[in-house]
Amino acid sequence: MNKRAGIGFYIFLVVFVFFVMFPFIWVFLTSIKPPGEIFNNFNWFTADPSLASYENAITNRPLFRYMWNSFVVSTLTTLIAIGFASVAAYALTRLPIRFKGVILGIILAASMFPQIAIISPIYNFVTAVGLRNSYMGLVIPYITVSLPLAIWILATFFQKIPWELEESAKLDGASPFQTFRKIIFPLAAPGVFTTGILVFIAAWNEYLFALTINTSDEWRTVPVGISFYQSQFTIPWGDISAATVLVTIPIVILVLIFQRRIVAGLTSGSVKE
Amino acid sequence: MKLWNKKVAGATVLTMSLLLAACSGDDESTDTGNNDAGSDTGGDDGATEEQEQVTITYAAGVDVTGATDKLIEEFEAQNPNIDVEYREMPADTGASHDQYVTMFSSQDASIDVFDADVIWPAEFAQGQYALELDRFIEADGINMDDYFPGTVASGQFNGRQYAMPKFTDAGLLYYRTDIVETPPTTWDELMTMAAELQGEAGTEFGYLMQANQYEGMVTNAIEFIASHGGQVVDENNEVVVNSPETIAGIQTMIDIVNSDFVPSNILSFQETETNNAWVGGQAVFARNWPYMQSTSADEEASEVAGNVGFATLPEGDAGSAATLGGWMTMINRYSENQEAAWEFVKFMTGAEGQTISAVEGGRAPTIEALYEETEVQEAATLFANEQFVETLQNAVPRPVTPIYPRISDIMQVQLSRALAGEITAEEAAANMQEEMEAAMAE
Amino acid sequence: MKFQLNEKQLGYAMVAPALILVILVTLWPVAQSFYNSLFDYRLNDPSRSERFLSSNMDLERYANDYFYLSRDLEALEGQAPDPDDAAAVAEISQEFEAYHAELLEMDGLAEQYEEVEGMIASFTAIADRDLKYASVENDWAEGFKAFLDDASEQLTTISQNTENEEFSVTAGNVAGSLDSVNTAVIESNFIGFDNYQRYLTDGRMWQSMGNTMLFTIVSVFAELVLGLMIALLINRAFVGRGIVRASVLIPWAIPTAVAAMMWGFLYDGQTGIVAHYFEQFGLIDDASVLLSTGAGGMFSVIFADVWKTTPYMALLLLAGLQTIPGSLYEAAEVDGAGKMQQFWKITLPLLKSSILVALLFRTLDAFRVFDLIFVLTGGGPANATESISIYAYITLFSQSNFGAGSVLSVIVFISVAIISTLFIKFIGSDLFAGKTGR
């Protein structure tokens, strides 16, 4: 809305982003320090930057394998969860079905129980269907855990799309499914992409299920993998910092690509069409 | 008290009769059961060709020393029919414990052999997660008297052996040889010296220990309590924590934690913090496990290399006490390859395996005779030290009970409150007594 | 397109996959937890490691013990130096065999027992619960247990009173075996709401509940305010907006387990840079208070959570802002409304459902907080940061007490359900209004 931002705004922005980013910046600075300098001083910069920690981070553990696993699991989770959630949310907001409140309530109830308490049953379930140490073994619980959030967010978005658009589509002879695909889904793009990013990162971040279900090193995801850098009495901060920086880069790129979509969508869409 | 003895005795008879059956039965049971694994007890010779290839999975915490890989390599070379797959578990002991509970409670057979902290065997035995090893021990003629008695006792439950000692640990007092000439022998001396010497040679603190609310704090507390003659649970499984001796021990701990010569954030200190501050040259004295000897000596990361000595922990009214640490090896009760699993356990915890652990991983053997071997003595300066071996031999075990996690939790909560000054040592002891009795009676 | 669903059927079909998945993977375990919470159910205690509504016999244990006990009793009788003792032992032995015979006469038990015996002989652990446990009548179990108690007591007395040392030792051992058999007879561990009563009056439960409330209220409120500010900020058009959006999201992209470790490093009283600057700027007296005092610990946990989760809130609200048509603001501007007025009159009301969803899900998550606290403080110092989920976790996994742990989980569930209902009621939601309402 504001066409022009002043210099003051940019100064504020820089300071603000600096504060938000500070812990991450510090982690980055730690990752390029030689091991002896990490503790015992508060110097920001080292005189002797080294990439040794990065080398350790990728040679001591299969970090890229972890990243790939996390990437596959998170992508599958996001695609399937958005697929299920968007049709469900559409039906709940746009189609004449009964018990909407009850259904939304049941779905919400699924995220009211402490996750730690359903680990054992889920572990048994995943074991029973033979999915331990596989991508699907994580994707199924992750989808389920992210469905309530996804359905609720999407429902709020679908709710706001003017009925008129849908009515006119119907007059043109479109089936409900076509209406959904051609009109609703694109118009709700900010909601869909926001949900997508949230679900993706939630799956990327999850620790406890991943630790319990995928116990073999080749199936481990990033959070679990990073926790395996430490041994019983020592925490190699340099390596962990380097690994943290490395795994954050793809997420930043991903967000850079998808955040554009958050702005498009409804408002601009309704005007254009 | 009577009841307890009776139970143990009953179980012993039972075990013995079981063994009898195992040894005197038909051919199948002489071979100790499992046909498909079917390795002979010698385990290393010609008869192996006809045997089926089996793969067993061995779960153990992250090992950065390479000792685990070496153990597996050596074992596979000697037992060509057995492949060992190494499954890494979290380095954090609590996290591993919880993962084992999840797996075993669903009768998971995907792990055959696993490493267990010395405090787990009773719990895992009672929960029917682990296999009794007596028949194997008997069949292979392993003499449990070769091992340090404390480590063997930690692996027993109701008279049966559920775990084999793999390596041992005990708390030590580290001191800076460039500051201190003779290390203190009593807690009082330690306090005086730490207060006096704090600040010398660039140090900030007199003493470092582990006082964060976690299992490590319990090990520290046991040392204070035992060195003053106190006990938590006695040999008859009675809670005896509310005694003047225990209170004196806790009081000493409180005094040290609240003194000026420890870091002001001592309540967030675990081993890692202790080690970081120590190798940074920040302290005169520190309590830690034997591993800190090698991290201190690492010239690249340590500022105190060459200036570190160690001694037994200071004495209280009843002498010096070090808490028994270390790890055991157990077999999953639901393992489908018990024979092969036992071969691996036998190898790892036997003289050869323990020598590899000592040489490659710097871990203290549980077999006393190994400390006479030059190979072991050369592995770490500690192992050649008689005082160290004596400390290990006399290390005080934590209460051996299937509800140990509960006992530990009660201690952590009450001691934490006492150290933070919320309650007195007397109140802490009384609360612990009451809560532990209630927990035992449940 | 021959088979055409009507709108209603299509609607159900579209909801079904999500609903089935949620029920199967989450709600079914939740229902199981409710059921577990009614039992004294502990994995580390063989007599309580299953949920039994009636009495059962652990055949594996029993068969193992029976063989030796029956033999030892006979031997003991022969050993007895005193005829009275011999008679007593004989009576015990007879009665024991009678109970054994009764057991085997029960429906289908003889075959089951035989199978179990075979597996024990070959040292195979019995994983099949249906094989391992046999349901027995409550009265019978009670009678058998009473007999075993009694017999064990008798033998103990005999063992103590006899002069013959060898006989005394054997008698004591047999008494021990009788006790061992006793643990194989499992009575129902159904306790109904006893555990609820116990934990609802448990000081530690209320303390952790208080901690959780404090954590939830403060962190969610801070996140909402900051998140809204950030959302409004990055909703503006300016050069480099993409980069700012991405960088603001970074905290949320760092896995909680890693972020918590990282904050532990930053808060450390000796080497932590954040603790160091807080001390330098006079925010705290001493760098050490952050992790070693109760208040410091709580502050640290909340601060780290706000840092990590505000972006999530901001992103949700940003998406909500997108749904507000720009034309509304233009119209308001024409009417001469100021920026603040626009915010209160347009932005906030139209953002209501987004705020509800964001607030609702953040509260649900915050109330169940686990990873962050577990890694950062472990609940310490002196339980000052222990959340109810951590208490439940310790009870469940460290202490293997699944009954009590389930009770704590159910308490969390109920609390969260109440909070959600209140939210939906007070903030209101047009979500539940549907097409039917038009």
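Labels A, B and C are assigned to the chains in the order they are written; within every chain, residues are numbered from 1.
Here, a residue touches a chain if its C-beta (ideal position, glycine included) is under 8 Å from a C-beta of that chain, and two chains touch if they have at least 3 such contacts.
By chain, UniProt protein names: A = Sugar ABC transporter permease; B = ABC transporter substrate-binding protein; C = ABC transmembrane type-1 domain-containing protein.
Everything numeric here is computed off the predicted structure, so don't read it as measured data.
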Identifier of the chain whose CA centre is least distant from the whole-structure CA centre: C
By count of C-beta pairs in contact, the leading pair of chains: A-C
Distance from the mean Cα position of subunit B to that of subunit A, given in whole angstrom: 40
Between subunit C and subunit A, distance of the C-alpha-averaged centres to the nearest whole Å: 25
Separation of mean Cα positions, subunit C and subunit B [Å, integer]: 28
Residue list for subunit C, restricted to those that touch at least two other chains: 270-271, 393, 397
Residues of subunit A engaged with two or more neighbouring chains: 39-40, 120, 227, 235
Residues of subunit B touching at least two other chains: 102, 105, 276, 282
Residues of subunit C that touch subunit A when the two form their complex: 7-8, 10-15, 17-19, 21-30, 32-33, 233, 236-239, 242-258, 261-263, 265-266, 270-271, 273-274, 276, 307, 312, 315-316, 318-320, 322-326, 329, 353-354, 356-357, 360-361, 364, 368, 370-371, 388-389, 392-393, 396-397, 402, 405-406, 409, 412-413, 416-417, 420, 430-432, 434-436, 438
Of subunit A, residues touching subunit B in the complex: 35-36, 39-40, 60, 119-120, 123-124, 127, 132, 211-212, 215-217, 227-228, 230-235
Subunit B-facing residues of subunit C, complex: 43-46, 49, 64-65, 68, 72, 121-125, 127, 156, 169, 172-180, 204, 268-271, 286-294, 378-383, 393-394, 397-400
Subunit B residues within the subunit A interface of the complex: 61-64, 87-93, 95, 99, 102-103, 105-106, 108, 110, 271-272, 275-276, 280, 282, 289, 291, 295, 300-301
Complex interface listing, subunit A residues touching subunit C: 1-3, 5, 9-10, 13, 16-17, 20-21, 23-24, 26-27, 39-40, 42, 84-85, 87-88, 90-97, 100-101, 103-104, 106-118, 120-122, 125, 140-141, 143-145, 147-149, 151-153, 155-157, 159-160, 163, 176-177, 190-191, 193-194, 197-198, 201, 204-208, 222-224, 226-227, 235, 237, 240, 244, 247-248, 251-252, 255-256, 259-260, 262-263, 265-267, 270
